[in-house]
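First chain A sits with chain B, and in the next complex the same chain sits with chain C.
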Partner chain A sequence: MAASPSRGEVLSLFRSFLRTARGFSDYNVREYTKRRAIDAFRHNKDLSEPSQVSAAFADGKSQLEIAKRQAIVYSLYAPEIKSVMELKH
Partner chain B sequence: MTSKVLTVALRRIILKPSHLRRFSTAAAVAVEPYQEDASGITMKGVKISGRPLYLDMQATSPVDPRVLDAMLPYYLSRYGNPHSRTHLYGWESDKAVESARAQVAALIKTSPKEIIFTSGATESNNISVKGVMHFYRDKKKHVITTQTEHKCVLDSCRHLQQEGFEITYLPVESDGLIDLNKLQDAIRPNTGLVSVMMVNNEIGVIQPVEEIGKICKEFNVPFHTDAAQALGKIPIDVDKMNISLMSLSGHKIYGPKGIGALYMRRRPRIRVEPQMNGGGQERGIRSGTVPTPLVVGFGAACELAMKEMAYDDVRIKALQERLLNGIRQKLDGVVVNGSVKRRYAGNLNLSFAYVEGESLLMGLKEVAVSSGSACTSASLEPSYVLRALGVDEDMAHTSIRYGIGRFTTEEEIDRSVELTVKQVEKLREMSPLYEMVKEGIDIKSIQWAQH
Partner chain C sequence: MAARNALLKYLRVNVHPLQSSIQNPKGFVGGPFSHFLRRRNFSEEVRGSFLDKSEVTDRVISVVKNFQKVEPSKVTPDAHFQNDLGLDSLDTVEIVMALEEEFGFEIPDNEADKINSINLAVDFIASHPQAK
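Moving on to the complex of A and B:
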C-alpha cells in the first residue's frame, strides 16, 4: 500500500474534483458530483489511521478518473437545450 | 416520367394517413406534437425554454455516470458473447457477467447462484407468477395477491384465471398496507403462491414483507415479492424476509433499461416453468444471450446502491420533507396518499383538492412528474391503486407523484414547490367548487342534477 498522502495532495485531489464537476454539461450530474465530493471529503476529514487514509485517497483518485472520462462523454452528447434550472428564472 | 408518377403516388400515400396505417402500426399510434429547436421545446402548444426538471424517479431513473463508465468497455472492445467458451471474448464477458451476478446477490444478501438475469421486473414477475403456478399445476390451484400490485402481476394473474386457476385479490387498508389477518385467512391448502410487492410504485408504501414472509413460512406457501421499487432504497434480506422469489429491475436504481433479475431460492428449492425456451442460458429459466453491457451496468448500479444507500436515504428524506412542507405551507387541501409512516421517502404521492388533475399536470410543464404509474399515464381514468385505498373519485383524479432521487437538488424541489403552488392557486381561482367551499358549503352534501 502506498504511503499516506500529504495534506497538499488531498487538497489537490479535492480541487480536481470540483474542477471536473464543473465540466459536466448536465445540471444534475454537475451538482451531484460537486456535492458528493464535498460530502465525502468532509466525511473522511477525521480519518487518522494511515491505511484508511490511503484507501480513501486511492478510492478518490479512481472516482476522479471516472468523473473525468464521463465529463467528456456527457459533453459529446449534451442536448442542445439546457435544463430549466440553468436558465434565468 | 416514371419517377414523377412515383413521386405523385408516394405523396398521395404520405398525405393520406389512412394509407400509412396499413403499412406501419407505428404510424397509427398518436404521437404528441412535439418539437425541439435551439430556442426551446414546443409541446401540446405550450412552449418551454428548457428541459423540465425531472421528478419521476419511479418511472425510471437516469443512468449514473459511474454505471455508464462500467458499461462502456462492453459496448466497445469487449463485445464477446458470454456463452462463447472457445475464445477470450467469451471468457472476459462471462467473467464480467458473473461478477455482476455477485454484485446483485450481495445487495439482497444471497448467493450469486440464486440470481437469474432477465429483461426486467415485468419478465421476472411473469416467470414468478405464471411459471410457479404452471410448474405446480397438478397440486396448486390458488394464488393470493393484492389489489395494488403492478399491472404485470395483475395481468399475469388474470391470465392464470382464464386457465382455471383461482386468484384472491387482497384489499388494502386506507393507508395502502395489507391486513395480515386477511392474508392468513385467505391461504388455502391448494395455495401455490403469495405475491405482494415490497414498495408500491404509485404511492411508495412499504408492505410488511417480513411479517408476510413469516406467515408464508408457517403455511409453507412460496412467497414472491416485486422489489423493483425497493431495491437499493430499503435494506433487503431474502432470508430474514423468507422470500422465495423476488423481481428486480435495473433502471429504477440508476442502471440501464432492459435488464433485471429474478431471485430464486435454492433451499427449499422453488421451481418454475420457463416462459422463454431456447439455448438454455441462465440455467434454462431464461434462454437468450445474456446482454453483457446491461448486466455489467446493473451490477455496478447494485454495488453503488449498496455504498450510497445510507447517504442517499438521508438526503432524499430531507428533500421529501422540504417538498411536503413547502407545499403545505402555502396550500390547504393537500393529502398524502398512502401511509405516511411506512413509505419510501423518494415517492411522494399527493392529491390536491378542488383541482382537476390533468389541468394541473398540463400546467406543470416545467416539472416532469406523473399522476401515477407511467404505464397508465396515458389514460384519464383515476389510478386503480388509489381507488383500492378508498380514495374518493375526485381526489384520485388530482393525484401527482413526485419522485425524488440521487440527483435531485434542493433548488429543483424549491422550484417545483413554487410552480405547483402557483398552478394549484390559479386553477382553484377558476374553480367554482373551491369558491363554494370557501363560503362554507359542504360539496359532498350537494345533490347534483342528473344529466
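Moving on to the complex of A and C:
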C-alpha cells in the first residue's frame, strides 16, 4: 500500500473536490457534491492509523474521478431553467 | 507526396486586403492605427486592474462573516483564521474557495496554502490583477 498522504496532499484533494463541484450545472447536484465532500473530509479528519488514512485518500481519489466524469456528463443534460435558489435578489 | 500537396492546396488560406484600408485610403485612424488601438484594449482586458485595498478588505470580511462557523463579531481586519476564529485547515480551504468565487479568479494551490489570515488574503487579492 502507498505511503500515507501528507497534509498538503489531503488539502489539495479537498480543494479539487470543491473545484469539481463548481463545475456541475445543476444547482442541487452542485450543492450536494460540495456538501458531501465537506462532510466526508470532516468525518475522516481524526483518522490516525496510516493504513486507514491511505485507504480514505485512495477512496477520495477514485470518488473525485467519478465526480469529474459526472460533471461532464451532467453538462450535456443541463437543466433548462435555473433553480429558484440561484436567483439573485 | 501528391496527396500532401493536394491537402496543402486545399488548406491554403487566401489573403484578402483589408477592407477598411480600401474604403478609407488616407485614413490614419481607420488604418493600422486602429488595429493597434484594438490590440491595446484587448491586452488591457487580459491584464486586468488592481482593486482598491479598502474595498478588498470589506469584501473579504463580509465573505468570512458569512461563513457558517464564524462568529461575525470576532471578524476583524487582523484576524487569523485558526488562532482568532477557531477554524481548522479544512475551513481555511473552504474560505479561500469562497474568496475565489467572490473575486472571480482562481488562486493556485501553493498560494492558497499560504493564506491563513484576513490580512494575507487581502494582500494577495489586492496584488492580483485578475481579481474583480
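By definition in this document, the second predicted complex is superposed on the first by the 88 of 89 C-alpha atoms of A that agree within 3 Å, B and C clash if a C-alpha of one lies under 4 Å from a C-alpha of the other, contacts with A are read in each partner's own complex, and residues count from 1 in each chain.
In this text, a residue touches a chain if its C-beta (ideal position, glycine included) is under 8 Å from a C-beta of that chain, and two chains touch if they have at least 3 such contacts.
Nothing here was measured: the structure is a model prediction, and the numbers come from that model.
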Check: Overlaying the two complexes on chain A, which is it for chain B and chain C: clash or fit?
Finding: fit
Margin query: According to the stated criteria, A:Q52 is in contact with first (chain B), second (chain C), both, or neither; which is it?
Written below: neither
Notebook entry, point to check: Taking the superposition as given, does A:L18 touch the first partner, chain B, the second, chain C, both, or neither?
Noted result: second
Notebook entry, point to check: Per the overlay, which chain contacts more chain A residues, chain B or chain C?
Noted result: B
Margin query: Which partner chains sit in contact with A:V84 here, chain B, chain C, both or neither? Use first/second/both/neither.
Written below: first
Next item on the list: For A:A67, select first, second, both or neither according to whether it touches chain B, chain C, the two together, or no partner.
Entry: first
Next item on the list: Give the angle at the C-alpha centre of chain A formed by the C-alpha centres of chain B and chain C in the superposed arrangement, rounded to the nearest 10 degrees.
Entry: 130
Check: Which value in Å is the smallest Cα separation between chain B and chain C when the structures are fitted on chain A?
Finding: 13
Notebook entry, point to check: Of the residues on chain A, which ones does chain B touch that chain C also touches?
Noted result: none
Checklist line | chain B residues within the chain A interface of the complex | finding: 36-38, 40-41, 48-54, 62, 65-66, 68-69, 72, 311, 366, 406-409, 411-412, 415
Notebook entry, point to check: Quick one: in the complex, what on chain A touches chain C?
Noted result: 7-8, 11-12, 14-15, 18-19, 22, 38, 41-42, 45
Notebook entry, point to check: Within the complex, which stretch of chain A touches chain B?
Noted result: 28-29, 31-33, 36, 39, 63, 66-67, 69-70, 73-74, 79-87, 89
Margin query: Going by the contact rule set out above, which residues of chain C touch chain A in the complex?
Written below: 88-90, 93-94, 97, 101, 109, 112-113
